[in-house]
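There are two complexes below, and they share chain A, which is joined by chain B in the first and by chain C in the second.
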Partner chain A sequence: MTVASPDLLVADRPRRRFKVPVGALVAGTVVLVLVVAALFPGLVAPFDPTATDTSSSLLPPSAQHLFGTDLLGRDVFSRVVHGARYSLGLGLSATLLAVTTAIVLGLLSGLAPRWVDEVVMRLLEILLAFPEILLALIVIALLGSGTANVLIAITVAAIPIYARMVRVTTLQVRTSGYVEAATALGQRRSVVVLRHILPNVLGPLMVLATIGIGNAIIAGSALSFLGLGPVPPTPEWGLMLADSRDLLGRAWWVGVFPGLMITVTVISTVVLGRFIQGRIDGSGR
Partner chain B sequence: MTETSPAAVVENLRVAFDGNEVVHGVSLEVRPGECVALVGESGSGKTLTGRSLLGLVPPPGVVSSDRLEIDGTDVRDLSDRQWRTLRGATVGLVSQDALVSLDPLRTVGREVSEALEVQRSRTGPRLNRAEARHAVASELDHVGMPDPANRSRQYAHELSGGLRQRALVAAATITHPKLLIADEPTTALDRNVQVQVLQVLRELKEEGTALLLISHDLAVVATIADRVVVMRNGELVETGATDEVLQAPQHDYTRAMLKALPSAASRGRRLSDQPVLDLPVAEVPDPERVLVEVTSVTQTFRTPDGGRMTAVDDISLTLQAGRTLGVVGESGSGKTTLGRVVLGLQQPDTGEVRLDGEPWSGVPERQRRPRRHLIQAVYQDPLSSFTPRATVIDVLAEALALSGVLRSARRGRSAQLLEWVGLSPDLLDRRPVTMSGGQRQRLAIARALAREPKVLVCDEPVSALDVSVQAQVLDVFSDVQDQLGLAMLFISHDLGVIQHISDDVMVMNKGQVVEQGSADQVLCDPQDPYTRSLLEALPQPGISPDNHADPVPDQADPVPDQEEQQ
Partner chain C sequence: MLLRRLLIRLMGALVVVWGAATLAFAVLKLVPGDPVDVMLGVNSTASEDVRQQIRNDLGLDQPVISQYLGYLGRLVTGDLGTSYRLQKPVATVITEQLGPTITLALASIVIALVLAIVVSVAARGPITRRIAELLELLALSSPGFWTGLLLLTIFSFNLHWFPVTGGQGARALVLPAVTMALPIAGILSQLLRSGFDAAEREPFTTSARARGLGPVRMFTRHHARHGSLPVVTLTAYIMGSLLGGTVIVEQLFGRRGIGRITLDAITNRDLPVVMALVVMAAVVFVVVNLIVDALYPLLDARLRGRSV
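The block that comes next holds the complex of A and B.
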């Protein structure tokens, strides 16, 4: 992996007075490398991820092919690097979409008349009753497979938890001293919501979302693994994992490296999210 | 009694944290049957001094002294184990908040008997249950707990504040310590209850307990202490017999502190030394013009058990330009709800509020909004009324924007507003979290003034402040009202503050008005028994800081409050 010489990247991060725990530092570095890989895969990957070469089929890891090659002779390392775009992209955009929808639903629920709240919350509770992945499968079943539909499916599955979070914080913030003070000042309702309620709802939500990205990545990979997402020869990690099923006995590297990437990515985002959460909670107002 | 050996001797006590000395050489002595009061504002080191006598200075605090003795024992180099044998048996502690200090999962009786069990486990035969129960009941009875046998089976949250505090006193006294340290024992209590708890402490003192009372409240001190030790910034400022210190203080600080005490005697006089604020004379409303008219307002709330609780019961009042209506009552009397109704933040069930002649309650918020600038609010906890992470300029600019001040002019106007309330414009980019309590409250007042109101509703605006800061903020209110001719609704549980600032007074109890009228009429000649009990509960220290002020305000001319200064 390219994490071998992270010194330069770490030095680029802004210097801070407090001590950053090693775990968070490593996680941050991994995420940074992944982001680079997702944005500029050409910089990191030595080969075309889709170029087949039957003469070099299933070569074990070597200096030339760091992670070896797959059945069609494609460089696994290059495919893994290019795959970061799909997994991270899917995880990030699904989370972003889910958070945005959740803000609208949560604020609506927390601020609108009681009956609106009741209706929205009952609907969300029904959704919450299903495991996330099952919910995503239901959406796929309704919409059909494909990358875009996987994105929608993961988004829908993630909305309920975020929306509940927004609603609860909204209810707290709504009765806070500063919201009442703004009202007494004569501030318009819309401005009160945008300037006084929204920013204070956003903080805790962002932390939850950082951790949620990991979940979304897993869900995306799982759906791809089941063949419901991107189609071959796309270098998506879940898809690569699925392709490697029959080869594991002969060529472990074809499956292990994409799997490892999923694991490392998810752990890193969660560790980083928890670290940010701790920072926010610790610093108080 | 005078020749008995002292229960506690402290000589040249110093407490330091990480090399930073915060208590600088304090000396005092408490004799059996005597109450010594340690008085000072927050940060004066009074609590640390008390903690030193319990071996409870929190780490990494380092205590050093020339002498530190409890009942003749040198306690300077005691081990933790040795301290444990002293605490409870020889020296006891009564702390401020009984709800925090009592274990929520144990009955009051268990809590009280624990100290006794600990002592017995060291010194004698174990108590059997019946004995313990009997001892607890008799101690609870001793501190004035009604029906002690049943009360001791209740939990802390089931008791009222006064009863809880008594249980805490009982837990400290059941072992009959020689020395009792009471750290702000009555601060969280309503006046009436305060008096009862003080009575319990006084009786203990008369029975021979040495009492070290730590308090910021000079009025409380005056009623019980034999001697007073005044502390400031970790130093001993003045010490002497209570009467002497309170009647003829020698030190400037003590004098300033006494002068800062609001009371009936301080009306019309400035409490602090800060210069009179210079506010621009805007359009002052006609004096005595009725700005707010509240007619038979009733407000009820649903209770968790499905019933309804009447928070405000058929209350009428008027607020006139240039006059202050003080609303006084104990916690839960409905004062705050009344304030919210007047502010239009709460729609009354019945009755009507009119603002400047036009309907204020019962109209949609959309219709109220354009007139909200007329009536502004100042709250008890200013910090929570500012959006988290907002800076001072954010806070003021929002109000100015609503008043139609252009973006380019807002910074300049904000600086001006800060100066009006006696703050430096350097604070503009600070966050309120980093400011002191007094500064925050001034900022809250500045924000209210930014909207150019005619009415100010103040809900306990000085309750969280130290006496000297309270004095300054009260003077700000007086100046603001004087120069801008505002009508003020001033809500407070503190009768002294109400006596100081009000032209008219309304006494509330359980949602109802028990007495209403001009300040002189209500406070000097109360008709209602409840008002009388409140006034009697107010400790009368007989303080005369200027040595000439008479305790009864000038009866003839109560209205022009501040004329002397103008």
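The block that comes next holds the complex of A and C.
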């Protein structure tokens, strides 16, 4: 037999080893669109999100105003597009901050002397006794309302769950063969932690965090809805919903679309998170 | 033996409550600014004498450690302090509002359980399973303030089946309770389905089937019990999500209750009320967990007589 041509070699490879399920594909597309909307809202939104026009107040959805207009004549679609920045930004940065803090806390707790572990764990246990939204509200009670404080509040509320996960994984990995081998070979403790333990902690944590972004988005918009976050006329989704409350009987579109965006965003992150989880541990279909 | 186990559990519960109380106190001390300013409001023109008088009344001139001990002592006797804003004992403020919230929470649990059981039992076929998965995801991913608004738009404003806001009657309870129940039903249904699936693979299922047990008896005698275990584990989480849910739902539907008090205390920075609510949440969590621990052996014979 002659040597196979390069073309044949390519053809021999299994063509699509990873079949991406439709759900994950749709979710990925939605997230991509949302990221574009958050980064370059001007590209997607046809109108200024804060420009008022009383002559076109409360117009129902049409070709010109896809999602209709609100009481002040602002284009709801443009506001929803611009709002992606706040909700996604809040959810992503809160999750990132919480995960980073959790890694530090969890590693510390898993590797430090017993008593440090005990103290940190008891503290986390107490924090875990509270529903996330209540923890966030307590932080708001202390710091006052505002966008930055909402970010801190959601971060603090999310830390305990992530930290517990980091600690559990750390404890599991610590007694594994390769960590013991590395220690026996005389590697420094910091090297063992960074090279052998941290990479093992990151995988499951990323999955939890992807699903957690949805939670953070809901919590953030909930606090905004309660009037504790950004102030009008910020086009934040939760705030837009709060504004729509008095208009329910007259103009359903003012509240329905921002809420729909929250749900779609959260579902997309959750579906994507489960897909990644399946990729990592093989539990996905 | 049983007594000892019970004592250890109780001690652990007390530690959590004490920790929560201490945390609340520590956090209160960390608040930037003078509590008297918070009490009087930023624009207050009260004289320094009045301020000093308030500090004396609140014991704020004492050393921190005696403030802490005094606070713990009062807590043990059920004295939760006085609301800055309402000038009423916090315990009174809370007990006054407990009724509507408990009614709402109970109604939500019942609705969530019924929904979850119906969905999870119905989702035994391949197509119904996909539908159930979709519904659960939808219920879990929709924030309560949005589903509430949707329900209001549809059933109150367009169909006029239920009152829009306020009211304490049974009709006024339906929409808020459903709003709170939906995400909980989503979680419960997921858990129940995986519990039933696991039961299906258990040897006792094979053996019961070999004895000729019909599907209905199989479900009521074996699968329902087996599948409900993880749900029981999650009870404390559900209580928590109810507590958080009331804040949103009571605000949205203009209802009285603990959620409303919580939000008012937070926006007005009425810290004694916030602290009392923190301690209360911890107590609820701990009590629920104790009850759950006691329930396990009743549901699962394998756990009887074993110290978990």
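Operating definition for what follows: the second predicted complex is superposed on the first by the 266 of 285 C-alpha atoms of A that agree within 3 Å, B and C clash if a C-alpha of one lies under 4 Å from a C-alpha of the other, contacts with A are read in each partner's own complex, and residues count from 1 in each chain.
Everything that follows uses one rule, which is that contacts are C-beta pairs under 8 Å (C-beta built on N, C-alpha and C of every residue); 3 or more make two chains touch, one makes a residue touch a chain.
Since the structure is predicted, the reported quantities are computational estimates derived from the model, not experimental observations.
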Superposition on chain A - do chain B and chain C clash or fit: fit
Partner chain(s) touched by A:H196 [first = chain B, second = chain C, both, neither]: first
Which of chain B and chain C A:R114 touches, first, second, both or neither: neither
Partner, of chain C and chain B, that touches more residues belonging to chain A: C
Partner chain in contact with A:F225 - chain B first, chain C second, else both or neither: second
Chain B versus chain C as contact partner of A:G177, first or second or both or neither: first
First, second, both or neither for A:G238, with chain B first and chain C second: second
Three-chain overlay, closest Cα atoms of chain B and chain C, distance in Å: 9
Residues of chain C defined as touching chain A within the complex: 15-16, 19-20, 23, 27, 30-31, 137-138, 140-146, 149-150, 152-153, 156-157, 164, 240-241, 243-244, 247-248, 251-252, 262-263, 265-267, 269, 271, 274, 277-278, 281-282, 285-286
Residue ranges of chain A in contact with chain C within the complex: 122-123, 125-127, 129-134, 137-138, 140-142, 144-145, 214, 218, 221-222, 225-228, 238, 241-242, 244-245, 248-249, 252, 255-256, 259-260, 262-263, 266-267, 270-271
Chain B to chain A touching residues, read off their complex: 343, 345, 365, 369-373, 376-377, 379, 381, 384-389, 398-399, 402, 433, 447, 451
Residues of chain A defined as touching chain B within the complex: 176-178, 180-189, 195-196, 199-200, 285
